[in-house]
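Scrolling down, you'll hit the structures one after another.
Note that chain A is present in both complexes that follow, paired respectively with chain B and with chain C.
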Partner chain A sequence: MSMEEAFALAEAEAKLKAALNECQARFDKAKMPDRRNEDWRFGRPHVYAKQLVDTITARDNHNYFERMVICDKGNAATRLTRDDDDLLQTEMLMQTIGSDALLKRHIERFEDGYSLYIEEDTTEVIELVYETRSFCSPSTFIMVAPGVKAEVHIIYSCLEIGNIFAACNIQVAAGAELKVRVQAESDGSDGRCMIITNIQNMGGKVMHLTEYRGLRWAREETVAELYSPGSETKLFSANRLVGDSVLDQHTRQIHHVGGASSDLLYKNVVDDNATAIFAGNIYVAPGAHNTDAYQSNRNMLLSEKATVHSLPGLEILADKVRCSHGSASAPMDDEQLFYLCSRGISRRDAQLLVADGFLADVLNKFHGESQSS
Partner chain B sequence: MSLVIKNLYARVKDGATILNGVSLEIPKGEVHAIMGPNGSGKSTLSKVLCGHPDYEVISGTAELDGQDLFAMSVDERSRAGLFLAFQYPVEVPGVSNANFMRAALQARLPKGEELDAVSFYKTMRSTMAQLGMDTKFTARAVNEGFSGGEKKRNDVLQMMMLEPTYAILDETDSGLDVDALRIVSDGVNAMRAPFRSFMIITHYKRLLDYIRPDVVHVLYKGKIVRTAGYELVEQIEENGFDFLKTEA
Partner chain C sequence: MDESPFQIDTRGEFVFPENHRFDAGYGLTEATIDYICDAKGEPDWVRAFRKDALRRFHEMPMPTHWAPEGINDLDFDKIRYYLAHGTAPYKSWEDVPDDVKRTFERLGVPEQERAFLAGVDAQYDSETAYNNMREELSKQGVIFVNSTEGLREYEHIFRPWFGKVIPVNDNKFSALNHAAFSGGSFIYVPKGVKLSQPLQAYFRINSESMGQFERTLIIADEGAELMYMEGCTAPKYDSATLHSGVVELVALKGAKIQYVTVQNWATNVYNLVIQRGLAMEDAEIRWIDCNIGSGLTMKYPAVVLQGRRARGEVISISLAHSGQLQDTGARMIHAAPETTSNIVAKSISIGEGRASYRGEVNVLKGMKGCKNNTECDALLINATSRTDTYPAISVNGNASAVQHEASVSQVDEEMLFYMQQRGLTRAQAMSLAVNGFINDLVKEFPMEYSVELRRLIDLEMEDSIG
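Entry: the complex of A and B
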C-alpha cells in the first residue's frame, strides 16, 4: 500500500467512525416510538403503494431494472449504496413503508443494502446478513418474477451494543412463491433492532417469518398488502423473550381487492421481566368482497412479572368477508408441566420443552410440517 | 424394600380433605389392586404420591425404599423409580412424543452423558410395536388428539421405556379395546419382576384376570377399608360395594 493509499484509507476510516458516532448519538437521542404511539397506523402505505404498482407497470423497461443484477441461483445480489440509486430511494423506499415517520428516519440513516430481483427458481436459500457493532440502517428490496419460487433468509445481527434500523420491501408477482425468514439477534445485552417491512402481493404466495433473539429492544412494523385476487400472504413470528427485553410488534394486513387471503400467527413466550406488545390491524377495502383474513396473537407467560399488551383490530369495509382476530395470553399450563415432570424431567427443562413446543407450531407452519424442530 | 404409606391425610389445596388416613404397604415384587366406588380418592392418592400441585399433604408419610417421597420434587420422585399411568393422560401440544421420551431418559443419565439417539429410537419403535402403536406416534405431539385408548397406550409406552420400580396404573383398562387390554396386560406381566411392584387401580375384574394381583385393597371415603386376596375381586364383581354401607 502506498503512503497516499494508506492515508486515504485512514481518513476514510476516521470519517466513517465519526459518521457512525454521530449516527449513534442521534439514534440514542431520538425518541423511540412506544406502544402508546400509534401514529404509524395512519401512514398511507396503500395509497403510495398503488402509485408504485402503476409506476412499475408503466415502466417495465426502465433502466432501473436493467441495473439490477439478476439473481442466479441465489448467489448474486446487487449491493445498494446511499447515492447509488435515487430512483430506488424515492420510489421504492420512501413511498411504500407503513410508517411515514419511521421511514423518514430510516432514509436519514440509509447506508446500504441488497436488492434482489429473482427471475428463476432458486434451489438454495438466499442468505443476506447485516451485522454491526455500532449502527447500521440497511434496506433490502426483494422482487420475485411471475411463477418463480424462492426462499430468502435475512439475518440482522446486532453485536455488542449494535443497533439496526432496517427496511425491507418485498414484491411478489402473480404465481410466484416466496418464503422470507427474518432473524434479528444480539449476542450482547444491549442490541436493539427495528425492522419495517412492506410486502406487496400481486397474486402470489408469500410466507414471512420474523424471529427475535437476545435483543434488548426490538420493534417490528410489517405491512402486508394484497393487490390481486388469489394473493395469499401468511405472516408468522415466534419469539422467546427473557430478561427485561421488549418486543413491540405492529402489523397491518391490507386487502385492496377481494378474493385474496391473509393470515397472521404471532406467538411469544415471555419470561422474566420481558414485555411483548402486539398491535395488529386487518383492513379490508370497500368492495374487496370474498376476503379471508385472519390474525392471531398468542403469548405464553413464564413469569409473574412478564407483561403482554395485545391489541388486535379489524376494519372491514366490504361484504362476504371471513375475518377473525384473536389474542390470548396465559401462563404455562400447570397440568402439562406436571405431566412432563412426572416422567422425571426437571421443571426448567419441562418449561423449555413446552415453550419450544408452543413456538414450534409457528415454525412448523412456516417450514412445513415435515421439517419439525 | 417397599412403598410404605402411613396414615396419609391430604386435601385439595384450600379445599376439601380427600384422603383420610390411608395406610398401605406394597413390597417389591408384588402387585396390589386398589378398587373402590367412584370418588373414593383412588386417583387423588396416586396423584398425591406423585406430587401433583393441586393437593397438599396434611399429615402422614410415604416412603419409597426408605426415601421420604414428600421431600422430593415431582421429577425426583420419578427418577427415584415412581411412575403413574394417569386416568386422564395430559395433552402437551407442540412437544413430540419422541422428544418427550428422550428428555425423560436423558434426565436419568449422569451429567455430561448423552443419550444414544440411535438405540433410543430403536427401543422406542420396538416398544411401540409391542403395544401395537403406529410409528407415526413418535412424531405426534404428546397425547394431542389421541383417542382415549391411544392415550392409555401411550402412558403404558412411557412406563415400559422408563422401567420404573413402582408403577401405579390408574384405570389404564378403561377405554382400551379387548385386544389392547390383552396387549397392555401382557406388557405389564412381562415387566413383573422381584425388584418391581405395581399398584393397579381398576373397577373391573377383567383386568385383574389378566394381571393377577397378590393383594386387593378397597379404598372408601379416603381410607383403606378392606384388604384381602383375589377373592375380594370376585366378591365385588358379584355384589358390588354394598358391604361398605353395612360396615360403615
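Entry: the complex of A and C
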C-alpha cells in the first residue's frame, strides 16, 4: 500500500467513524413516534406505533419467519448474520423519516434477512419472500455492480395477525439498472407492515414500485438519494385501500449533485373508511444545478368516509432546476362510470374497472408500456 | 456590481426623533397592561381580557414545526409594547402633530386620500394618529374608526365578534396580540351598502424596539361590499422590531370583502401577522397579499368557508432578498358544502433570499361539492437563492375535488438573450421577465398599487444591473 493509499484509507475510516458517531447521537436523541411529531401527524401513531415498538422490543432473537425464501439462480444472495460489521454499519447509516427510534430498536435486535450482491446481468427475477404469522423484522441489502441489469421482487407477507418491520438498503453503481418491486400483503384482519427503504444511486437507473394489499396499517419511509450526475431514480406506488385500513407513505428525494433526475408517482384508490397519507419532499442541495425532480400524488376517493391527506413538498437551494409537484384528490369521473354502465356493466364492476385503469397507469410505467398487465 | 440584481425600496428609510407622551417601557407584564388600559381608559372587561391573554401567552410554547429557525432570536423582553403621542386620533389633517404629519406626507398618504380613497386610518407606533372618512359614507351608516374607539363607542357590534374568528388561544402570537393590542381599524358596513372606493390604513413604526400590535375587525353585513388596503413601512434600526397584528374579517350572507396588503417593512422587522376571514352563505373573501419587506415574515391569510357556496381566494406575491425569509401562504377551511377556493402564490428569491409557501386546504367530513385549486410558482434569480413549498391537503369524502400544482423555475437565459438582441439592456430584460412572471397577479391589485409594484421592480432592476 502506497503512502497516499494509506492516507486515503485512514481518512475514509475516520469519516466513517464520525458518521457512525453522528448516527449514534441521533439514535440517542430519537423519540418514539407520537402525534406531535410532524412526520407522524396523520399516521395514527397512538393506535399503531406503540404496539409496533413493543413487538420489536419484546421479540427475542429467534427466527419468527414462517417462510424465508429466495429464488436466485445466480447465487448472489447470502443469509445475513449479526457478526457482519459492514452490514451493521450500513444499517446504522440509514435514514428514516421520523422513525429513528424504531430503526434503533431494529438494529439492536436484527438477525435475519438477505444480502444480495448482483455482479452479473440476471435474466430471471430474483424473488425474496418474508412471511410471518407473528412478528418479523428482516433486513435486505441489495447492491448492484457497475453496468449490471437486474430485477428484484420482494414480498412481505403478514399472515393472520402477523406484523413486519423491514429495513431495505439499495445501492446502485454507475451504469447499473435495477427494478425493485415491493409487495406487502396480508390475508388476515390485522396485518401491519412498516418498511424503511434507502436507495443510493451512484449513477445508475432505479425503478422502485411499492404495492400494499389487505393490510390494516402500513407505513412506508422511502429515501432516495442521488449521488452522481446522470443518476435516474423513479419511485412508484399503486394501492387500493378498503375497510378501515391506513396507508401512511413518506418519501424524500435528495439531490446531492446536479445533473440527476428523479420522478415519483403515487396513486391511491381510497374506499370505505380508509385513509391515505402521502408526505413527500424533494430536496435539492446547494450547487446541485441542472436537476430534474418531479413528484405527483393522485388520489381517487370512492366513499363518503374515505380520507386523504397529501403533503407534497419542495426545498430548492440551487439554481437552474426543473422541479414541480402536483397533488390531486377527486372522486371517480361520473361520465366514465356512465359510459360503462350504459354498456351493461353493473355500477360496482364499472367502479372496479375505472379504479383498475387508474392504477394500471402506474404499473404500466413500471413494467414498461409494452408489457401491459 | 451589487451582489443582488435588486435593491430594496428605501422610501420608508427615514426617522423622526421620538416624542411620546405615553411609553410603557420594555417587556410585557401585568403592569404594562394596566398602563395601556389606564392610558386608553378601557373598561374593566377589556383589562381582565388582556390579563387572561397575557397568562395564556406566557403558558403557550413558541410554534414548533411551522416556525422558521430565526424566530427563536426574538426576545420578548426587549420590545416596547406601547408608545403613543395621544390616544385619540385627529380627524383633521391640520391637527396632526408635525413630525407625524411629515412622516405620512413623505409616504404620500394625504394625496392618495384626496385622489381615490373613501377613508384613511394612519397608525403611528401604537396609536392611530389620523382617521377620516368621507361624510356621505357615515350617513349611510358605515363605521370606520380605530379599534379603541370601536370598543368604546360600538361595543354592541364589536364585542360579539371580537376574538371569535381568531380566538385568544389560537397560538402564542394570537395571545400576545390579545394582551397588547392597540390601534388597527374597526369597520362595519351595513346591509346592502357597497363602497365604490377603497378604505385605507397606513401602518408606520417610527421608534426603535417597537412592537406594533394592531387589531383589525371588519364586518360586512348582508350583501355589503368593501375593499380595504393596508400599507406598512418602518425605518431600519439595529434592534429587532416586532409587528404582530391580528386581522379578523366577517362576511355575512352575500357580502364581499377584499383585503389588500402591501408590506414593505424594513429588514429588522419580524412580521408575524394572523389574518383570518369567516365567509357565510354566498359570501366572498379575497386576500390580496404582497410581501416585499421585513426580515422574517410568517403570514398565512385564511378563509373559513362557513356558509354554503361561500368563496375564498388568496393571491400572494412575495419577494425575498438576501437576509429575508418570506414564509407566506394560505389556508382554506371548507366547513360547508359547495364552497370553493382558489390560491395563487408566486414568489421570487433573489441573492440569498428564501421564500417559502406553506398552505393548508382542508375539506371537512361530510362536505359535498367543494372545490379547491392551488398554484404556487417560484422564480429563482441567483444560484444561492432558496425556495420551499410545504402544502398540506386533507380531503374527506368522495364529493369534493382538490388540486395542487407547484413549480420552480428561473429566468430563461434564452429569453434574456432574445430581448438583449433586440436592444434591451440586461437589467431591462430581467425586469421584463420578472414582471411577466407576476403579471397576471399584479392585475388583481388596485390600479394605483399595481402601477407602484411594477415601478418598484423596474427601479430595482435598473439600479443594480444597468
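Just so we're on the same page, the second predicted complex is superposed on the first by the 278 of 373 C-alpha atoms of A that agree within 3 Å, B and C clash if a C-alpha of one lies under 4 Å from a C-alpha of the other, contacts with A are read in each partner's own complex, and residues count from 1 in each chain.
Methods note: contacts are C-beta pairs under 8 Å (C-beta built on N, C-alpha and C of every residue); 3 or more make two chains touch, one makes a residue touch a chain.
Computed from a predicted structure; not experimentally measured.
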Which partner, chain B or chain C, touches the larger number of chain A residues? C
Go through the superposed model and pick first if A:329 touches only chain B, second if only chain C, both, or neither. second
A:305 in the overlay: touching chain B, chain C, both, or neither? Say first, second, both or neither. second
Identify the partner contact of A:286: answer first if only chain B is touched, second if only chain C is, both if each is, neither if none is. second
Touching partner for A:316 - first (chain B), second (chain C), both, neither: second
Residue positions on chain C within touch of chain A in the complex are 65, 365-366, 378, 380, 382-410
Considering only the defined contacts, which chain A positions touch chain C in the complex? 38, 42, 286-287, 289, 299, 301-332
So in the complex, which bits of chain B are touching chain A? 50-53, 73-75, 77-79, 84, 86, 89-96, 99-100, 103-104, 107-108, 139, 141-142, 158, 162
Under the definition above, what is the set of chain A residues touching chain B in their complex? 334-336, 338-347, 349-350, 353-354, 356-361, 372
